[in-house]
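Before anything else, here is the set of structures, which you'll find just below.
There are two complexes below, and they share chain A, which is joined by chain B in the first and by chain C in the second.
Then we have the complex of A and B:
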């Protein structure tokens, strides 16, 4: 059986989670308050744990060791969407990214509980508690800050406007869409995007925030085929700096 | 600033050098009490506090602050201002013996959750619920119903059940997490062992 389609799906999911997990971990020790710092760091760790589980599935399909895959690839070999690699700005930016990405991520995993690829379906069952927390965390903050003060609303709105084209880039179609759907491995990006839109709309409708007109936006594609922004390689260099000092070291 | 942590070097410079201005009073969020159930069948136990802007966010922040490492099946939170506290006793004197006597009433307007302190220096443990009108009455009824099982107890808390943010049955899946996540435990890195091996090799 040809596994290219499956591998592409696993790589983009794993890379999304690794890169956003690393980005979010940059808040550790710098979060807006102690409890939120702990929660955000813990979710970042969840994401990196989920990426590890996916790299392990890839390893079983013949790819290299998880550490090698995570730390030794050049940016152009990463399949994460551009949304995940953008550098952190202020906390509103990270909260909106967390909300937009994690809503899609939770729906993706939920649909994968039905995947015909059993190891992935089993993993989807195992991570559902984490995803429930991530979306509860994101939705509660967005609802609260999205209807709190003029400052909180305008900050979130600005970040939402800025990040929406990148969020649409999560759903960049894969060359294997039809094959994945036909083999019942994954429901496909187009269906996922429709579900995602309903999900974020239902949260935003409970706030003062307004969803930008999607027709006026150009999705920021490219990440899935290795065309990244200038921000990814510095992230990878920093993330792998210690590992590369001695790749054979035992941790 | 020059730091080994690249994140610190990226921080914008903030503030102006000079005398430190005093902080505005009361510029922090209020506190919420967190109760955790470690296993099905075990009682909820007071675990600590979190700061939060409201009850729902206190629940969310409490989840990662207190249950990200150890086994947990459920938690609940309540605004500290909604916790009614009995006098505290010491030695062999039980709170059961020092509660003020009240006029008996038949009020049962509210359900109150009851917590006892079995040992000084330990945390409060949930021992059940009673119906009452006022908190003082709830404490008295908890003792009458012998929720403390005749033990010497040093303090009682009662909280109206309606003031508590509980975990719903569907939310219990929050604690289904990857069991292989041993990387969350500091002990898993076996730092001491590795250091010992390194020092042994190094001293040869």
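Then we have the complex of A and C:
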């Protein structure tokens, strides 16, 4: 069986989680409240753990060891969407990204519980429950700050406007879309995007925030095929700095 | 003739490294035990995918079995994913004694934040408590405050 389609799906999911997990970890010690510091750090740990589980599935399909894959690749070999690699900026920016990404990610894993690829469906059954805490966290803060003060509303709105094209980049079509759908491995990005839109709308409707007009936006594609922003390689250099000192070390 | 029960009794000695009163059996992370021709096959599953204690637990399982004369093969998988419903009644009592609120009954039906509010305080049993943070010191714990005894406490999080 040709596994290129499956591998591409697993790589983009794993890379999204590793890179966003790393960005989340940059909030450790920097959060606006102690609780948020802990929340972003915990979500970082979850996401990096989930990425490891996906890299292990890839390893079973013949790819290299998870550590090698995570730490030794150049940016152009990463498949994460551009949304995940952008620097954290202010808290409102990170919060909007967390909301937009995790809504999509929770729906992706939910759909994958039905995947014909059993190891992925089993993992999805587990991850799905964990992600409830991530979406719960995002939705709680978006609802709270999205209806709080003029400043909180305008800051979130500005970040939402800025990040929306990047969020559409989550759903950059794969060259294997049709094959994945036909083999019942994954429902496909187009279907996921439609569900995601309903999900974020239902939360935003409970706030003063407005969804930008999607028709006027150009999705920020490229991440899925290794065309990244200038922000990814410095992130990878920092993340792999210790590992690269001695790649054969036993930890 | 060795039954899986004999092996499970041995594994009852292995405790969660972060909650030393709770055995891996009571935690519900041992999902399958089978003895085939003198080799013990054990399947385990993590409480959270990113649980950093998994490798330690796996090694402790191997060590305890070896000490008792058994060679084992331990596999970590998600065939029977963990949920907080897998913690045994004995385990829930041990958690409470340790000062951690046990997770509520049916994790699968939990839908929103309400399930984390008003968790019974493990010290004084008061329901006059509030959620401080759904994320705590480890992936599997949340942080709460009891207005009755004015103490902060943690809950072993419900996960479905």
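Here, the second predicted complex is superposed on the first by the 251 of 251 C-alpha atoms of A that agree within 3 Å, B and C clash if a C-alpha of one lies under 4 Å from a C-alpha of the other, contacts with A are read in each partner's own complex, and residues count from 1 in each chain.
In this text, contacts are C-beta pairs under 8 Å (C-beta built on N, C-alpha and C of every residue); 3 or more make two chains touch, one makes a residue touch a chain.
Model, not experiment: these values are computed from the prediction.
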Quick one: classify A:238 as touching chain B (first), chain C (second), both or neither.
first
For A:26, using the defined touch cut-off, is the partner it touches chain B, chain C, both, or neither? Pick first, second, both or neither.
first
Answer with first, second, both or neither: which of chain B and chain C does A:49 touch in the superposed model?
both
Touched partner set for A:122, first chain B, second chain C, both or neither:
second
Return first, second, both or neither, reflecting whether A:76 touches chain B, chain C, both chains, or no partner chain.
neither
Go through the superposed model and pick first if A:144 touches only chain B, second if only chain C, both, or neither.
first
Taking the two structures together, which residues of chain A meet both chain B and chain C?
35, 38-39, 42-43, 45-46, 49-50, 53, 126-127, 129-130, 132-133, 136-137, 140
Note which residues of chain A are touching chain C in the complex, please.
35, 38-39, 41-43, 45-50, 52-53, 119, 122-123, 125-127, 129-130, 132-133, 136-137, 140
Quick check: in the complex, which residue numbers of chain A touch chain B?
26, 30, 33-36, 38-39, 42-43, 45-46, 49-50, 53, 126-130, 132-133, 136-137, 140-141, 144, 238, 250-251
Taking the complex as given, what residues does chain C use to touch chain A?
45, 48-52, 77-79, 81-83, 107, 110, 112-113, 132-137, 139, 157, 159-160
Chain A touches which residues of chain B in the complex?
6-7, 11, 29, 50-54, 56-57, 60-65, 68, 171, 173-181, 183-184, 189, 194
